[in-house]
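The following blocks contain the structures, represented as structure tokens.
In what follows, chain A forms one complex with chain B and a second complex with chain C.
Coming up: the complex of A and B.
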């Protein structure tokens, strides 16, 4: 830990001071303002719309932090050769990866904490004004949805570390991470659709397509699992076993991604 | 203190994966307290050798040790301070934070880091910029901050890759004085340069590398015997390597 902490701390400081973080926070602030405006246009649904929009804004802004700040934290070390100085210290490459990732977790947690505070403030403000329309509403569900969004962003960040360990540029890492996000968000829906009986579907799915979708389903992270915004907005029941298994799934995916990244990184050369 | 035994390194280039030899059978030993200048033209293999010593790249054959430890062991770097060529650090960190990072990763305590940081920041003349983000630094200032970071843990072995590059005359004098001081402290210094004057001024011993092969290693006294200057010796070795005759 004595070796990981300095790496984590400088990674966090480098990330949190990045001007892009201020820009993303400002965009989120504007979107929270828009939430207040849009929600009041549908008075009877103001509670649901406010919660849904606030959580979507947090998720969107967090995604921007991972894609445009987080990826650079790792990839810039490689692009700009900062890694020469870091690896010249008595630290192993695995420690570098884990330390860097811990710094990334700190960055995601702190920025998401700030964004969540802004989101909760917007919801509290609307609830104070339109209290009568917040009938099906639960802070517990909102906070749970927020925490799962943080975990989803950490999973995505772990995958970006894996990509950065074998790609040669930050741009390729960014593209691969965006592709993973899109696939991860839509794959379970596609799989469910293709598993529908063909007489209901209206067409037959070839076994090759089905196998490819199944392989992708197990290979890519199922990010839609972490998305319970809808349940939070409508205060629908969320089982504790679902939450526990989702958290376990996320942690296992993170552990596998970071272990693989560290193994690949051990063999990587920096000419 | 530094031992290099039979190191060869090939790089694959382009789409065809054509192999290019960067180092061929390099043997070198640098003793404790010695200042060793590594001289060679661009692309001769100086930086490749240093990157192998820092475990940034891996040799195809041979082995390298620092302080008796294989360079693949991170512990070998505990006694090493390294300044890469044209270093680049974190944009939003300050020089103080950079030195804190260097000290912490080397296992130093907070008081020791503070004392050494103050002393080194004074020495490399960054007092007025110590709390400024590194992205506001000039190239020379970044180089000096990198030098301070390399020395923060008072290493026994200092490896400098083109330490004078990008420095103005004042910066060059500062680095030169620092190298003389390190020599006085009995540190082992291994530095690469293609500036003959720097090798001549600071080295006890020098090695001339051309095309990945170590052509000559000797004390400065022996290299410059017979009234030759280092330029004559170097150009003679280049001519020999190109199939001509020494001057």
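Coming up: the complex of A and C.
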């Protein structure tokens, strides 16, 4: 831990100093302002729309942090050749990866904390003005949805570490991570769609496609599992066993990704 | 100095050109054909996948888009104000919105208010309401509205009663619903039941023009109820049915014949039941 901590801290500091973080916070701030505007355009379910927009903004801004700040943090050391100075110190390459990832977790948690605070302020403000239109509303559900979003972002970040360990440029990592995000969010929908009986679907699905989808279902992270924004917006029941198993799934996926990333990084040859 | 003036003049010209171009482009754009081809809403299963984790947000967007479109049509002068395919597009948009977030109350209420009165799409509206009612199990309003549509527009009282019973089982439901439902099933006191049902509905309607329609209809039905009761009294007293409605006044059972708020006149048909010359107004319009 003593060897990991300095790397984690320096990664976090580097990330938070990145000007992109300010830009992303500004975008989020504008979107929270839009929340207040749009939610009042809805005749009844002001609360639902406010929660929808606030949670979506957090997700979107977090995605920008992972894609544009996180990936750069990983790539910088390689691009600027500072990796040589780091690796000349008495730490292993695996420790370097794990330390970097811990710093990334800190960065995501802190930025998401700030964004969540802004989101909650926006909701509180709307709730004091339009309290009567917040009939089905629960802070507990909103905070739970927020936490699962943070976990989703950490999973995505772990996957980006895995990509960064074997690609040669940060741009390829970025593209692969974006693709993973899109696949991860739509995968269970696609699987459910293809599994509907073909007479309802209107076309037959070839077994090859089906197997490919099934393979990707286990290969790619199922990011849509972490999305309970709809349930939070309507205060629908969320079972604790769902939460526990989703968290377990997320942690296992992170562990696998980081282990693989460390293994590949150990064998990597630097130019 | 001359340079500064030249640059300022150049910028001024550009700025005014910008304003003109923006204005012209906006005007010209409105002239572009906006035919049925543009009225395509992605099928819901695809939309659900394409929405990624932003289903709720896109559901909100589709709903706001449809009310914005509806609001825009209020300024139109042509009749009918909203074309057939536009109604279809609106319906598809609200269906997509409620497929993405089936718990979202507003699209159901909006659909119910406008697809029934203006578009005459009663069955489609009830499909929408049935979907909402299936998801929002804590909400008694949606089955109540579905019941009302069956009663008022389709005159399918048994079906209406089913919906009302469903509504009455839900939390905070109005206790009146059970009594209205049972009367609908047993077809007793039809006029009174109708008045009761309409008064329930009037309480839950915000739209002023629809409220007005309900009030007029309640007034007409009250007139009919008064005359029906007078006919019963006449029968009790003279042991036969009155031939003409004026007899009710002549024999002193009622003071005067109530006005038909639709502008017609009440009369008795050969079987002795109360009718109005504006029968068609009195019967809800039925479009299929």
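By our rule, the second predicted complex is superposed on the first by the 270 of 271 C-alpha atoms of A that agree within 3 Å, B and C clash if a C-alpha of one lies under 4 Å from a C-alpha of the other, contacts with A are read in each partner's own complex, and residues count from 1 in each chain.
Convention: a contact is a pair of C-beta atoms (placed from the backbone, for glycine too) under 8 Å apart; a residue touches a chain by one contact, two chains touch by 3 or more.
What you are looking at is a predicted structure, and each value in this text was computed from that prediction instead of being measured.
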Is A:54 touching the first partner chain B, the second partner chain C, both, or neither of them?
-> neither
Which of the two partners, first being chain B and second being chain C, lies in contact with A:108: first, second, both, or neither?
-> neither
Could you tell me if A:7 is touching chain B, chain C, both of them or neither one (first, second, both, neither)?
-> first
Examine A:182 and indicate which partner it touches, taking first as chain B and second as chain C; both and neither are also allowed.
-> second
With the two structures laid over each other on chain A, which partner does A:224 touch: chain B (first), chain C (second), both, or neither?
-> second
Using the superposition on chain A described above, determine whether A:65 touches chain B (first), chain C (second), both, or neither.
-> neither
Could you tell me if A:80 is touching chain B, chain C, both of them or neither one (first, second, both, neither)?
-> first
Report for A:92: first if it touches chain B alone, second if chain C alone, otherwise both or neither.
-> first
Provide the residue numbers of chain B that touch chain A in the complex, in ascending order.
-> 11, 48, 51, 54-58, 74-78, 80, 82, 84, 87-93, 97, 100-102, 104-107, 133, 146, 149-150
Which residues of chain A touch chain B in their complex?
-> 2-3, 5-7, 9-10, 13-14, 17-18, 80-85, 87-92, 95, 269-271
Please name which positions on chain A make contact with chain C in the complex.
-> 38, 41-45, 48-49, 52-53, 55-56, 59-60, 136, 182, 185-186, 189-190, 193, 223-224, 227, 229-230, 233-234, 236
So in the complex, which bits of chain C are touching chain A?
-> 45, 48-50, 52-57, 59-60, 63-64, 67, 101, 103-106, 109-110, 138
